[in-house]
Amino acid sequence: MFATRAAIRHKDLGIWQAWTWRDVRDEVVAFSIGLAELGLGRGDRFAVIGRNKPRLYWAMCAGQALGAVPVPLYADSVADEMAFVLAHAEVKLAVVEDQEQVDKILSIKDKLAALTHIVYDESRGLRDYDRAQLTAIDDVQRLGREALARDATRMTWWEAEVAAGKGSDLAIILYTSGTTGRPKGVMLSHDNVLISARNGNAYDRLDVNEEVIAYLPLAWVGDHIFSYAQSYDAGFCVNCPEAPETVVEDRREIGTTYAFAPPRIYENLITVTMVRMEDASALKRRMFHFFIGVARRWGEKILNKERVPVYARLLYWLGELLVYGPLKNRFGLSRIRVAYTAGEAIGPEIFRFFRALGINLKQLYGATEASVYITAQPDGEIYADTVGKPNIDVEVKVTDDGEVLFRSPGVFLGYYKDPEKTAETKTPDGWVRSGDAGFFDPKTGHLKIIDRAKDVGRLNDGTLFAPKYIENKLKFYPNIKEAVALGDKRDFVCVMVNIDMTAVGSWAERNNVVYGSYQELAANPAVYDMIERHIEEVNRSLLLEGLMGATQIRRFLVLHKELDADDGELTRTLKVRRGFIAERYAPLLKALYDGSREADIATEVTFEDGRKGTIAARVKIRDIKPADVSRVEKAA
Amino acid sequence: MLYREVGQFKTSYAADQAIFPIAQDRWFVLALVVFAFIGVPLIANQYLYTEVLIPVLILSLAAIGLNILTGYCGQLSLGTGGFMAVGAYAAYNLALRVPEVNLILVFLFGGLMATLVGILFGLPSLRIKGFYLAVATLAAQFFLEWAFARVKWFTNYAPSGSVAVGQLDVFGIPIDTPGRHYLLVLSIVVILALAATNLVRGRIGRTWMAMRDMDIAAEIIGIRPLHAKLSAFAISSFYIGVAGALWGFVRLGSWEPLAFDINRSFQVLFMVIIGGLGSILGSFLGAAFIVLTPIFLNQLPNLIGISLSTAAISHIEFMLFGALIVFFLIVEPHGFARLWAIGKEKLRLWPFPY
Amino acid sequence: MRAPAGSAIVAGDTLLAVDRVSLAFGGVRALRDVSFDIRKGEIRAIIGPNGAGKTSMLNVVNGFYQPQRGSITFKGVTRAKMRPFEAARGGIARTFQNVALFKGMTVLDNIMAGRTLKMHRGFFWQLMRYGPALAEEVEHRRRVEDIIDFLQIPHIRKIPVGKLPYGLQKRVELGRALAMEPELLLLDEPMAGMNLEEKEDMSRFVIDVNNHYGTTIALIEHDMGVVMDLSDRIVVLDHGVKIADGTPPEVQGDQTVIDAYLGVAH
Amino acid sequence: MLGPILETLIGGLLTGILYSLVALGFVLIFKASGVFNFAQGAMVLFAALALARLSEVMPFLLALALSALIMIALAYAIEFLVLRHLVNQEGIILFMATLGITYFLDGFGQSVWGSDIYKIRLGLPQDPIFILESMFPGGLLIDPAELVAAVICAVMVAVLAVFFQVTRVGRALRAVADDHQAAQSVGIPLNHIWLMVWAVSGLVALVAGMIWGAKLGVQFSISLVALKALPVLILGGLTSIPGAIVGGLIIGAGEKLAEVLLSPVLIRWFDLAGGGIENWFAYVLALVFLLVRPQGLFGERIIERI
């Protein structure tokens, strides 16, 4: 019924190439039958690797039509990371974006017995490759079209194949990098995906008129639901950016109405904003901060339709004209109806910042095992520190030891080829352990997540210690990119900090601090002072919140290198792998707690091109005087 | 900050390469044109028409012409006045000798004659460059000035040497009031300006700019210097010629060669430089500035309430004008067009500085 | 033998033959009896110490300089004298040692300018920028976008080239040359003044151009490593004289070449 | 018939020398700073006005000295207020700036010194001299004032030549003309050098103004006549001092002869209202000449580096 509406756009060759739903159907049919010609059939697994491109989305659909199971992978993961997943999933065929991915797969080909074909989108540079197992998507589709031309029954056959698929069938396997150990293949059925998508659409009344930008990894369940399943259910248009570095402009051009992103993306927006405003003329800067102040004071109230004095509305209106509007315009968020932050807890200040601008940013608590949706915040009931109420058809309960359990139509079938793990997480009656610690807030009835269940620890004196809570507070400062808080089974709390190159870099330029590398900058005493000030503020706010007051930060250091997914310190979704880091930087930890002023550390690093090297450094450590109540009272 | 570009995306190259890709600009310009055609006639008075609007429009046209040559193709010319004269006298003679010809055709004829002369005097540009060329174009200026002063035929043997045109009318509509003069000029200018914008955005415009920016590189991508330069001379002269004809017919009514002397050339050159080389918009801004400044300076003494002899005033006018030019060149050598562009960029990036 | 221009020349045939070319400015003899050939589809390198006459050689080939003696045969047509734009029409494109872009124009316009020869819509269509003229403009924009995509510079499409870093400018210049769809592409030190990464990129582009578009390439380059990897055959000039000609290994082994580079007195 | 022609020729040559004098001013500045100084004509007028008015109230030599100071001051003002703010702008911008200066000077000069016609009395012998009476009946008439003028110009040129060849500054100027780095190496800051040349050409303008004023009387038209120096320039080459001299002579003689010989013909053919072709002849002559030799008589050859 939306046949003539744009289903998907891709900014390619300088303009937005669009395909209507009818076009998409034709493309997919041809593609699908072409794949069948290549021998892909029901139950086969096939990999999908690359950035967000229409044809890769079609690949998934084309495969699923045949009853085959797509296995999307993170495009930027290095060859041997892929090797495990591809081998484990026994993929028969791989649909990839370009030469880069082809090369990766060829380099690990001998590990992949099942692999018969590689299908690629961009032919560039592949001219001289051995064609035997290499086919262009164009050619696959031609195969399909020829087959259709040859005998008409092909079409009926294909439709039969589609019909043969049952809701309970396996639809997709999403490998979650997980914060520890090997990736696990989460199996989702068509029902899981579709029902969740439909409920999600219903929950936020998303319809055919939405516009979304697809720029998050295909392998992330979020992208699969938000910019694949939900689009197919509601019929709205998905837009693929031209290149990673143009996402912001592309978002601005399209004007997305529905957005979703891990907190990091939002943090980044704020960092950029703050850094740029630093360079603005004094007058403009003052105006900016004044109106941001106004927004922080009244913005949320207005957004939540609360009663506010007239002058406030007036000021806010002025701010909208001078600051918020233009700002949203620059972000490309002017038309946002619903924006979710998902995947990880977001710093309250960050969250409020966007709310204050009038962007309907909401928290969503989800999991791959749940086909995303567990809880989300209904419009008008927004709290910075909760993740909202259970979504439609979702049941949530909290065990005595504080772990959150959920049950819903979206609950996964199991981990692929891993019954034990499945048993560990999924009870026979369909409840799934989220691995997160949380509780229902009596005031609001919303769920609150403190931290990963296993990360929540206690100091030796028995006080509760939630590292992520502290880390998020630190990470709100534009200068701090990443923070790792330690304290479980220790006497006090210490943090390891990653400075933000963009922010601190430009700060350095303005204050003509010379530096040659991240390492140099990180070791700079002036930088240490700056970070120290931030931490003292955090301590104060911790103290004011009472509950966490006892877990103030006593010592900190600035890491000599940026935490990097290529080194396994972050997951592909860029979550901190605390455990791994703890062993990797053992010498630093030791130093932090034995009271020494500095420590030597040598770490192995992997560069983009896969080469390995070592960085050695002597890292300084500083003590922080904990905030005491009297001082804070004064400050407050 | 006025620019809210969210949701403006291009699905075709045609749209992406439109004159005003940004919706806000489109609306603004559209509104401006509508206002010029409908709003202005409602409010303007005689003085505004004859002393401000009409001169600005006609000289903008001349400025566009010179800008094509100097701004886009990089060939400096001081002969503008001469080419305007060609346009004016050619038009005069056609109207005189073939009275039944439509006024529009008369203007076009003026332009075409100027084109021919322009090509003729453009030929040297193939051998000589920069200031040498500039001075060479002075030859055109002085020769033409002289020719129209001395060759009686051109002035139809008028003893005074000055010529006058009678009652104007287009398609039977008499163009007798300043208001109608204005509308006539406006229509012609709008059309020609649009054409110019199209030219400079297309293949021809690129060949010109290529010549300007680096003639060697231009040649290796297959551009013939001859074609590029002469076409620039031709088209530039056409615009200037039409402007000349309009100046004579509409602004002056009766004139003598002095109306198109070297100072006219400089005046237009100023407009181009102050407005901004290589910008059609700049041509308009420059023209407005150069026409309005003297008017303003002229009022200045009265405004600050001191009485001076007319001579003194004109001298002071000269001084201030010269000073202004220098000042402006120091402040923004790339002219109003650049200022405009910068301002616009700031508004688009607002509140960010970059 | 005067084959008609554009007669089908298949890979391996001689595309361009330089025959005993001598060039002198006043007293200075830039080239002395230099002869060599470029075969269709190959990457031909011209190397030599500074002042060896490499650039002069390119300038002779695409018509900036007229040799006093000797002749150039391109696509079977031998000619004594021709202007650069004639060379362009013949299908010879080139880039310069010190980037020669149109500074005032955007990346897009620079590359579009490279299409000039392929665009034919007349003046009056251009005036209206409507119908055929617009269609043509769009069609060529489309082709230019392919090049932009090929060179991976979509993000700078609308930026004036003057504002770009040197490395990117070189890339754009290559783009402009490609836009001409040349049969012979002359590259004058495409990697001069680039850092390692940029050099790698550029080398990859050169190779891709060669096998993706099948363009014959003649390049001057100082970085020996690059030259040896890229080129099929190498001409070595020294003080305007050809001192060696052959495959990379041959040239590398050649004693006179080694001497020339070590600067042994002549 | 030959007599009058010779007369005109000599007359032309003598006027030509005046052109050269103005042209010299241009050349000096262009050579040193690459500025195409359109204001040269205005400077001539300004100088002439100053001299004329001052000499009314004080002894001539004092007036001359004072005017000289004024011109130097002017040069300084121009360098200080305009040029140094426009360093390394393109030529055309600087050219426009000098146009602005022209307007300013014209206005300024006339509002300071007045705008009537003034006399400069050099006390030159007024009554004409006749030479070669043996050869031509009645001999050839020569205006001694022009002779004197010629002599003065000759001296000027000589002085400048020496100045350029011998003095340190002179050499520096030549260096600058070649390239600005070189100038630094000579150890003289660029703007000093510019100041210098503007001062010098200011003085040249003064001399030109003086002679011209003496000849035609000081009036606004002088600044226009000064335009004549332009064809002289391109004929001689923008950067060549001898070029300016020779060019001046050619133009001067050329246009006078043309007026005498060509005008009647043209008038007859095209039925003109009077001749006055010297208004453009100089330019067309120069133009035609350029087509043959684009860089002018003595100008340096422009070789395009690829």
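Here are a few things to note about the model shown:
Per-chain numbering from 1; labels A, B, C and D assigned in written order.
Following the convention adopted for this analysis, contacts are C-beta pairs under 8 Å (C-beta built on N, C-alpha and C of every residue); 3 or more make two chains touch, one makes a residue touch a chain.
Everything quoted here is computed from the prediction, not taken from an experiment.
A centroid comparison over C-alpha atoms places D as the chain most distant from subunit A. The interface carrying the most C-beta pairs in contact is the one between chains B-D. The distance from the centre of subunit A to the centre of subunit C, each centre being the mean of the chain's C-alpha atoms, comes to 46 Å.
A separation of 57 Å divides the Cα centre of subunit A from that of subunit B.
If each chain is reduced to the centroid of its CA atoms, subunit B and subunit C end up 41 Å from each other. For the pair subunit B and subunit D, the distance between C-alpha centroids works out to 32 Å.
Residue positions 64, 96, 141-142 of subunit C each touch two or more of the other chains.
Each of the following residues of subunit A touches two or more other chains: 14.
Multi-chain contact residues of subunit B (touching two or more other chains): 12-13, 16, 216. Remark: subunit B residues 12-14, 16-17, 195, 198-199, 201-204, 206-207, 209-210, 212-214, 216-225, 231, 278 touch subunit C in the complex. Taken together, the subunit D residues at the contact with subunit B in this complex read 36, 81-82, 85-86, 89-93, 95-97, 99-108, 110-111, 115, 227, 230-231, 233-234, 238, 270-277, 279-280, 283-284, 286-287, 290-291, 294-296, 302, 304, 306. Contacts from subunit B toward subunit A in the complex involve residues 1, 3-13, 15-16, 349-354.
Contact residues on subunit A toward subunit C in their complex (touch as defined above): 12-14, 124-125, 127-128, 242-243, 245-246.
Subunit A contributes residues 9, 14-18, 252-255, 273, 276-277, 279-281, 284, 287-288, 321-323, 325-330, 332-335 to its touches with subunit B in the complex.
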